[in-house]
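Have a look at this one before I ask anything.
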């Protein structure tokens, strides 16, 4: 694996983007947009996370194996949330026991 | 070559394999960390979906500006950490030490901000288990919010503290000249850890400070 | 009814019979496959045993049709298990509408049961033969599990919420009641008896008890004693919602959400009134946490339920109006 | 570079001497033995608890020990057997010893972390032991809230901390294995030339790495809630005890596969060697390990059918549970097919393998019973479940572990065990096991709840049978413990390859040198290719 060297200039672009996104998400957070608040905040958080993972953490230039590990970590977290919510959100859908 | 064999441990065939293995191992550890925080994120999601109004009320007791500032501070420390890795890869020893120093400084600043937030909440009687006197809207579920808040930010803060320790050791080693352009894996791995700490906060910030504010109904 | 030694448990309900049919299917699948595997292993082990150090083997790497066959056939048989098991589970989960209600409160380490007619029992439950019984259960402390092997009924009893189980006894007799979820020191002492009685005998038993007062009327007394009626008025608009016709209806909250007024809702509204405030009302009700026991709560709920059977008066607020229009019980599920 | 000569037989055991050389070793083989010593201790400790439990249950009333003591006994039996014996059992001992040998490298990728994991494990174990000496814990190994957080008045936090700590040992071991298997295979050793034991260790490590952190954080939350009365799972505040169960079983169901997958790997090795054949359907067996590891994460809710989980979630979990049965069935059928037209010898490891396949079949089939919704309602939390998981964990994992210990004992110690005694003990273990646990299936269907200190009289017959079986089983476990120790001094000197096996671990000396191989092996053939041995002799 050839080591990819990222310059400080490239890092500073990423940093600028992160700072901007933090500012945007905070400003949006002060407004009441109803359901949109959650969506905007989470989408921005995911974008920020992607920036950090891809560039600060070099996954963009990394081996497939390392990419796979990242995907696995996120996938397993999704699994935990998804199947737990399967239960929590569907309680009381019918007058069955278990509400 | 002599330089290599110093850093090469016996179980590996060559430096490349060793470096690869170390980074790969660190990524697996970070996947573990994702799941470690994941258990708490799961609790948060369940309670947030069950008691949105109480979470909205509780969320308004957090200082949004303080949260945003601490986010920026942590992101900056992540940036300087990335620069430190860059300096290490080019063999700029002084820059490496300096960037590590700045990273540690901002990590500490983050902790100071967070502790001041905690102190404020303690004084307001919003710290379950120590001083919880909140009696307004739906105190039970508001208490749940703060339980999760302190559990998650507490776990995160402990990671920040450990990170400061690791970075201090790295800075010391870098100052002693342990790293060069052909051997800086420990710096890179510590960097990965530090960015992960940043990542967690990138999610904690919106979950606690932003998305529930307007839910109070 | 409880001989010293059994190979198969008593079947005292229709569900038990249905479950046992499923069991027979499961056992035959298991018997078939384990016999197959054991026989093959035994046969191969004998036939292909190593003889005098002579190692002659035929290499067969794999056979795709075989692999597919022994993946697909068990899977199909298991899907039958799944479907059959699910249908029995649905039967267990859905109490019939005409089931008689009995309340169960578990605490370390006893079962307290209450009949609607007011009879209370500890570690015992008398039920009439041939009538479905729905158990509404909660716990005062830790998780318990209400388990009656003869009826194949088990459901966990949790603090802070109501769970339901039901059974329809088809054979008179005395059957075991166990706590099946570990609950502390005397877990194994948290056992009792279910008495299934002929209906006439059951009526006599009901009449003979010291109770005399129905759960709903105990609830009404409590309602007055706790001064609930000062705000929750039935004669004219009060500061709090009128509870007549409430139970089973949809309630609109200040947050805009709509919830069904079921047992859990009533319980929460007594213990944590601020959590779900009805639209058009202020959050002024004090909590009754610590003032009422789980049994008191059940009496209050039963009283609120009894109010649902009365016609609703003119609504005091728009939210409540919508609720009242749908006030006939149990239609909005 | 150390150039060991064959004459002096420099090996990892005599390379260095002294306590320090063991406690500071970074050699995976020595660390494997350190783990072996530790888990053997925990196994017999857990066994003592089991013995007292079985003696108590000989008679219906609770007359031997008090109810509180009984509860502590089964809790400690569970905690020690699950967290301090079964989970580290095969991976940390045989896995540690064999993974580098089998893939032809000098050591694991991170030897220091490997040693660290042993110390972490010992620290966790010490915490649990300290809690035990202080007075024990009585929550059951499942730590269900709110009992564990608010009602138990025993040493919950201390035990929880012990489990939390030992979890990290498990994570680090898994991490080490994954990196090693990915990065350090000998030249030519492609994925599909790997022994199936490596595949199963890889799958196991996946679970350790992705599952363990969740239980760690769950136990942490329980400890924090108990310590500071926060109310995270407290129903009085609206907290959800069922949420705890979700988090708990997210790890603890896959943990069953941490226990049994390595066992399956061992059985694949043994079945192949003692039939002189390649494992039938190698790729199916290999992929089924990974499939079990992944699918195992999708089924945890089948522990909660009556726990007031929603009906829909129960349906989903029940449905998914049956998918795990497919790869398990594939394994059993493939092992059986491997016997076909083989040249089968009845050495002790093979006897254990036969035992494993039979008992795992029963354990697995009753597992599908428990995934069946309606059936589970009746038997969950009864002795049926107890019998089922003992068939998997004791009948499966422990049989495989003992089989593996016999199979690799010559490699580990350079000595042979006494074959006659070993065969006898295999037979005793098999009979004792079935006598102990088969009656529990019937007892469970009759309705005998688990974790009962006293019980109604009609169950006594089954309990007596079970206790009788347990005493036979105890004898079966003591015999190997004695002759293994005996063989260290008096056993026959083992040849390098006593079973004529083709794995890389058999191509080095018994016991192996500190660096495992004098020359890094180059692999040009598939696993279990016994014709290669003939060529080697000729060559």
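Letters A, B, C and D mark the chains in the order given here, with residues in each chain numbered from 1 onward.
Keep in mind that, in the parts below, contacts are C-beta pairs under 8 Å (C-beta built on N, C-alpha and C of every residue); 3 or more make two chains touch, one makes a residue touch a chain.
Please read these numbers as outputs of a predicted model, since none were measured by experiment.
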Which chain lies at the heart of the structure, taking centres as C-alpha averages? D
When A-B and A-D are ranked by contacting C-beta pairs, first place goes to A-B
Let me have the rounded angstrom distance from the C-alpha centre of chain A over to the C-alpha centre of chain B, please. 15
Separation of mean Cα positions, chain D and chain C [Å, integer]: 36
Distance between chain centroids, defined by C-alpha means - chain B, chain C (Å): 45
Going through chain A residue by residue, note those that touch at least 2 other chains and give them in order. 65, 72-73, 76, 80, 84, 88, 92, 94, 96-99
Give me the residues of chain D that touch two or more other chains. 182, 210, 214, 236, 238, 240, 242-243, 246-247, 250, 308, 311, 314
What are the residue numbers in chain C that touch two or more other chains? 93, 155, 161, 163, 272, 275
Quick check on the complex: what are the chain D residues that touch chain C? 62, 67-68, 71, 138-140, 142, 144, 146-147, 150-152, 235-236, 238, 241-242, 275-278, 280-284, 305-308, 311, 314-315, 318-319, 322, 325-326, 329-330, 332-334, 336-337, 339-346, 354, 357-358, 361-362, 365-366, 368-369, 371-378, 380-382, 442, 445-447, 449-458, 461, 530
How about chain D: which of its residues touch chain A in the complex? 182, 210, 214, 240, 242-243, 246-247, 250, 297-298, 300-301, 304, 308-314, 316-317
Could you pull out which chain A residues touch chain B in their complex? 1, 3, 5-8, 11-12, 14-15, 18-19, 22-23, 25-26, 28-30, 32-34, 37-38, 41-42, 44-45, 48-49, 52-53, 55-57, 62-63, 65-66, 69-70, 72-74, 76-77, 80-81, 84-85, 88-89
Touching residues on chain C, where the partner in the complex is chain B: 253-256, 272, 274-275, 283
Which bits of chain C are touching chain D when the two form their complex? 2-9, 18-19, 22-23, 26, 29-30, 33-34, 37-38, 40-41, 44-45, 48-51, 54-63, 66-67, 70-71, 74-75, 78-79, 81-82, 84-93, 108, 141-143, 145, 147, 149-150, 152-156, 158-161, 163, 176, 178-189, 191, 272, 275, 289
